[in-house]
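Read the structure below first, then the notes.
Just so it is clear, A, B, C and D label the chains in written order, and each chain counts residues from 1 on its own.
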Amino acid sequence: MTRYAMSIDLSACVGCSACSVACTMENDVPVGNHRLWIRNTTVGTFPNLTVEFRPEQCLHCENPPCVPVCPTGCCYVTDDGIVDIDEHQCIACGACIAACPYDARSMHPDGYVTKCNFCRHRLEEGKLPACVETCPTLCRSFGDLDDPNSAVSIAIREADRVDVLRPEQGTGPNLYYLNAPSSFGLTSNIWDVKHEEGAH
Amino acid sequence: MVEWYGLPWSQHFWHWPTLFHFAFVALAGGMAFVTMVATLRDHPRKRTYALITMGLIVLDLFTLWVESPARWRFTHVWLFLAFTPTSPIWIGAWGLITSMVASFFVWLDRGPRQVWGALLVIGSSLALVYPGLALSVNVNRPIWSMILIVLFPLTGMVTVTALAMLFKQAWAKAFITPLSLASAGIGVLYLWGLATGVPEAQQGFAYLWSHGGPLFLVGLALLVAPAFLRRTPLLAALVPFVGATVVRSLIVEIGQHQFFGF
Amino acid sequence: MIADRTPADARPPTAQPDATDALLQTIAATYASPRDPLLDDLRSGRFAAALVALADATGVPAPTLPPVDATALQASYVDLFVSSGDGLAAPPYLGYAQDGELLGDTAEAIGRFLKDEGIGTHDDWTDLPDHVAAVAEAGVLLARHERPHAARDLLARWVRPWFDRYASSVADRDGSGFYGPLTTFLHATIREVTRGNGS
Amino acid sequence: MGMDRREFLKLSAASVGAATVAGQASAQSLLDRIPNPFAPMPPQWFDGDVETVYSYCENCFWKCGIEVKVAGGKVRKVDGYATNPKSRGMLCPRGQGAPTQTYDPDRLKRPLIRVEGTERGDGQYREASWDEALDYIAEKMFAIRDEHGPESVAWFGHGSGDKWFASYLPGAWGSPNAAKPSVSLCTGPRETASQYTFGRGISGHEQIDWSETNYIVLIGHHIGEDTHNTQLQDFALALKRGAKLVVADPRFSTAAAKANDWLPVKPGTDTALLLAWMHVLVTEELYDAAYVEQYTLGFDRLVEHVQPYTPEWAAEITEIPADTIRRIAREMAEHAPRAVIPVSRHVVWYGNDTQRNRALYLVNVLLGNYGKPGGYYFCDAPGVDAYPAPDLPLAPSSGGCGGSTTDVEADSPFRDSVDRGLFYGSATAVQEMIPPMLTGEPYPIKGLFSYGVNLFHSIPKVDYTKEALKQLDLYVAIDVLPMEHVMWADVILPEATYLERYDDLLLQSYKTPFIAGRFPAIEAMYDTKPGWWIAKELGEKLGLGEYFPWEDMEDYLDTRLRTIGSDLEELRQQGTIVRRGRPYFADYERFNRNPLGTPSGKIEIYSERFADAGFDPMPTYEPTEQPPAGSYRLLYGRSPVHTFARTHNNAVLMDQHGENEVWIATKEAERLGVANGDYVYLENDAGVREGPVKAAVTERIRHDCVYIVHGFGHKAPLMRLANGRGASDTALQSSYTLDPISGGAGLRNNFVRVVADAPNPNHPPIKDLVADRSPV
């Protein structure tokens, strides 16, 4: 059984957002929605500083909280582990957006929810997702977690430390952050002013 | 310092029309409950109650339709073609439709009354409980804690009882004060639960306090007030109605916030 | 210039021209770049007469046009619809008005609609196929060949949203005294004509 | 005019001439207008058939090879492709977002001529046909030539087509005043320093042997923020391999975040740091003696020259502890020759930049890495003959990212360029061609061609440039977007974007030199033409047709490719033809040839030519001007999603990074009462005020400087998305320090005050500006 997963080596990522723009162009994501975004957080004081360049997107969780809450059943998990939406059944009720601990789902202006689906159309052609293929620092690995020789399995095995976002939510994310630069793992989300509700 | 390229969808996903929906669904659920009791007890006014229930349900569904970005896609039909019992909104949709159908027959005054009563038991309980459930199921948003499953039905009943008092329904006067005080009590319990809960809950409490704490307390005060307003029934009805709506709206609006703290 | 269309079996155009045909004709003439054909119409007063005729047919008061000043007209046209240092007041593309992107779904839909109606664009036309003047002219041809319904449909579904979105910004930004009032007038006329089957 | 029109509306028919009636119509059913909840979603672009065309990207000078994916007659996606040595299948954010510009409604659409009687800068234009516009230009150019001579027309160019407008056409027309901002405002000093040290230039793409090096020292090099695709890939791979990284930068840049050592060096003192490293390498005999013996000249004089530059001396100046300086020098030596200090790209900082770059080269020479694995490799462009055409009357003189220029021959009938004599180097300096427009010294410039050069966002002293433009008889702008400077032109010629045109072969000097082709993916939209067509048509109108003998670009490219046994179709299928390079000394010594081009045939540590010209033969430290109290030095740099000032109307890229922020050190911000996210003004000592710009209060910068990303703050509301967002660093550069050797304009001697509580401009989110879609 295939179990797709992705890993991002934070020691190599420079937060340039080539992945984010490639995703937007590949999937016609409307301006204002993002399936993938970059959060560069600085920790420490001059001159002892650490910057964590961190791309964020849907983690295609092992037990995704967004799937059970969907009233029309249009959120589903494919047999190879991809959390996807059948947009033509979506009633834009926002239940899945509420349930996602990672803000990875957004409302398409045409009235349905849109999210990362690991570029399924590319996987079907045997290609890598757009973000993995274009990454100029080669920090992204993608593949089948059940296959020990897949790129992602190897990357996770060889990493010094492996972290996931909000582990306490119990969602079992399948996007693994490797070699987080700051000593205490992934920087907590510092809700800065830009993020005050509405200051989008 | 945090640099962003692109942004997560961390803006609020339910906008001001949702607050009207939460108010109307409370009334609709409450009214269905009243109709259920009236039907089982063969209360003389059961037909008018049924009519009002249907009216409120239609009003609520219309608000939902207006608020939905998919309003011109008419995809809401899929609500009734899917079987997803783990989805509070699905439960609510079926609850409201069941109440609607049952109320219709009660209004027609035909067919087995006990059956419509039973349907109304299911419909009204689902309709009453689903708003709270729809919020608390999101464990990632600490401000929507589990206790809302109790707080929202209770405040729902407060508003419908207040409405009944305004229309001079005899039975209403007796229930308004206990329901309001119960709601206020659960409200305090809710705040206390957040303030003393896990670190994330406390972070949620701080955020709730800084963005609407005082107003929340005013809401609770309004819910306690009926105990002292027995002599003025009009106020005894309006004050808890406003209090309940303020408390619910604050929780819905501010609760959409989540923290990535870990 | 205008397509030469003389197939033998062309049926004579509808006898009584209704407002849609005249309106589309005026739109096409207005938003084409102000070269000799438009300037001749203005100087000869034919344009003003057409406006009066339209006004009578729909009851919307016709605007008074300023004296004909070719350079002011051309400068204002470029500033509003071609290239402006201040950012285009009204990109003259029907697809853009609805999708917010060029050659988007709406532009493709217009293309399909016109192809189904047997209308294409001239090969020496050097702008996008969903330019407001080009689509309006297609509407004129539709109206003249027993397809007034299609012309009105085109006016309501595609031309009107462009005006809904941009009429006010053209009125604000226009410096020539020609495009602003004229666009406002045409917008009102369109609302009048399409009230029958408002989309 | 066969249209039969009814009498009642005798309009001259639709004067558009757009619509043709072809066949019969089918009724439009109403049914499909009611939304059907059961209908599947409309197909996406990748569901249909997708055609792929090879090209190379134009959204920066790196020119990565791309596969352009076209579906339904519209470009949907560009991706790198594996066989191209530049992209290797990957692209940066700007390359990915570039197609959005082709579909920008604000794009220039057709030739425009400024309305007679209006002032430059009013922005009043009327449409014109290509013939009319080119005739207008030719007529004015002949008038200028008759009155002031051909040299009186200046040609500025940047981008793939700058060969035509900043080299070929000026050479045919007879004007030495052709310049590219990529020389005197960017790479000039490093090229001149390299010419006078190694006798050859640095290639357009900094030939650093990343794959072999183990120790990297970056000085003011912003890898990761200036996403030069291949360089970023090599940098990431080197770090993954375990290479050590040291970054000297007043700001904790992205590269510094990846470094083992961050040296927060005081701005303007990098040369002192380099001299101290030379001191340690020489005095502790850590240098590569054999390499120095075999390849260099004048080392013994360097030994004596660097004696006073002790780490303690440098510590005073740079504020980097002496033992750190000593430790890093030793670590470099330990890893030599696979230790390298890469030269950076934009090097016009303080006016002493040629000497600083020579100092940087000399440290590399002492480590013995120049021409060796792990250091700098040698690379040349692949040789492809030019299209057979008569020799140009004047050799092109604008230079480019890659090399310096040849002098105007002594016996040439044309006068020297107006900036000849202002500095020692032979390249032309674009900013020195502005004064003659006003002063007429040494002779007046009366005509200007600006091809893809943002005059108000690259050349300092913007107000002075605006005054100069007003004196011209003819100013022609050839561009893609109605930038602010474009709307000052007399004639605006809209160029087709890179997805819609052929361009000349990309002959890329690289470790494996290669040839890449650009093939049009779609028809040119609107009434736009490719640069080569404009140059050829204008050439013919100017009577220079003999220099443009090719019929069209396909004939031109095919003829050139045949000289190396290939042809246009083969390149169209492959996209890139890769050659074998000769990267190291060993590759030359095998045929006992010497890659060094200095007169002595050696690496000139001591430069006789500099000594003769009165410059320091070996690099010295000249202190730079310090900001007055209460002012900060204005530093600038790159955003990974923007290129210069040209991507600021690109909706996708602006949605990623919509306005620049000024970095202010936390302590300074507290003193100024500025909180993170507040808006402030930046005011320089000439009184120019920029902003409001958002303040980013951060620990990532020294206390004596502030930093903003270049390219924002577009003034007169340029384009809907770009207008008024952020602050422009160029506008704040009211002065520059001319480098007497290379002609580079040092831009980092400008100081600004931070004025708190500016009003919040509340910029609407990009998505609202793009289309006011119905509110969610």
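Definition applied: a contact is a pair of C-beta atoms (placed from the backbone, for glycine too) under 8 Å apart; a residue touches a chain by one contact, two chains touch by 3 or more.
Everything quoted here is computed from the prediction, not taken from an experiment.
Chemist: Note the shortest touch-path length, in steps, from subunit B to subunit C.
Modeler: Tracing touching chains, the least step count from subunit B to subunit C comes to 2.
Chemist: Could you grab the centroid distance between subunit A and subunit C? Build each centroid from C-alpha atoms only and quote it in angstrom.
Modeler: Comparing mean C-alpha positions, subunit C is 47 Å from subunit A.
Chemist: Quick one: subunit A and subunit B, Cα centre-to-centre, how many Å?
Modeler: The computed centroid separation for subunit A versus subunit B comes out at 34 Å.
Chemist: Let me have the rounded angstrom distance from the C-alpha centre of subunit B over to the C-alpha centre of subunit D, please.
Modeler: Here the centre of subunit D sits 60 Å away from the centre of subunit B.
Chemist: Any chance you could list the residues of subunit C touching two or more other chains?
Modeler: Residues 100.
Chemist: Going by the contact rule already set, what residues in subunit A reach two or more other chains?
Modeler: Subunit A, residues with two or more chain partners: 15-17, 20, 24, 31, 34, 42, 88, 107, 109, 192, 194, 200.
Chemist: At which residue positions does subunit B touch at least two other chains?
Modeler: 1, 3, 5-6, 69, 72-73, 75-76, 78, in rising order.
Chemist: According to the definition of touch, which chains form touching pairs?
Modeler: All chain pairs meeting the touch criterion are A-B, A-D, B-D, C-D.
Chemist: Contact residues on subunit D for subunit B in the complex?
Modeler: The contact residues of subunit D facing subunit B are 35, 37, 93, 640-641, 655-657, 676, 696-700, 776.
Chemist: Give every residue of subunit D touching subunit A within the complex, in rising order.
Modeler: Residues in contact with subunit A: 37-41, 44-47, 76-80, 89-97, 99-100, 223-225, 227, 229, 232-233, 235-237, 239-240, 252, 254, 257-258, 262, 264, 640-641, 651-653, 655-656, 665-666, 675-677, 698-700, 702, 765-768, 770, 773-774, 776.
Chemist: So in the complex, the part of subunit D that touches subunit C is made up of which residues?
Modeler: 1-4, 6, 8-28, 33, 42, 72-74, 103-110, 112, 115-118, 123-127, 482, 484, 486-487, 492, 494, 525-527, 716-720, 723, 770-773
Chemist: Can you name the residues of subunit C that touch subunit D in the complex?
Modeler: Contact set of subunit C toward subunit D: 1-6, 13, 17, 22, 25-26, 28-29, 32-33, 35-38, 40-41, 46-47, 50, 53, 71, 74-75, 77-79, 82-88, 91, 93, 96, 99-103, 105, 108, 113-114, 116-122, 124-128, 131, 133-134, 136-138, 140-142, 145, 147, 149-150, 153, 165, 199.
Chemist: Write out the stretch or stretches of subunit A touching subunit D in their complex.
Modeler: Subunit A reaches subunit D through residues 9, 11-12, 14-18, 20-22, 24-28, 30-32, 34, 42, 44-47, 49-51, 53, 87-88, 107, 109, 121, 130, 133-139, 181, 192-194, 200.
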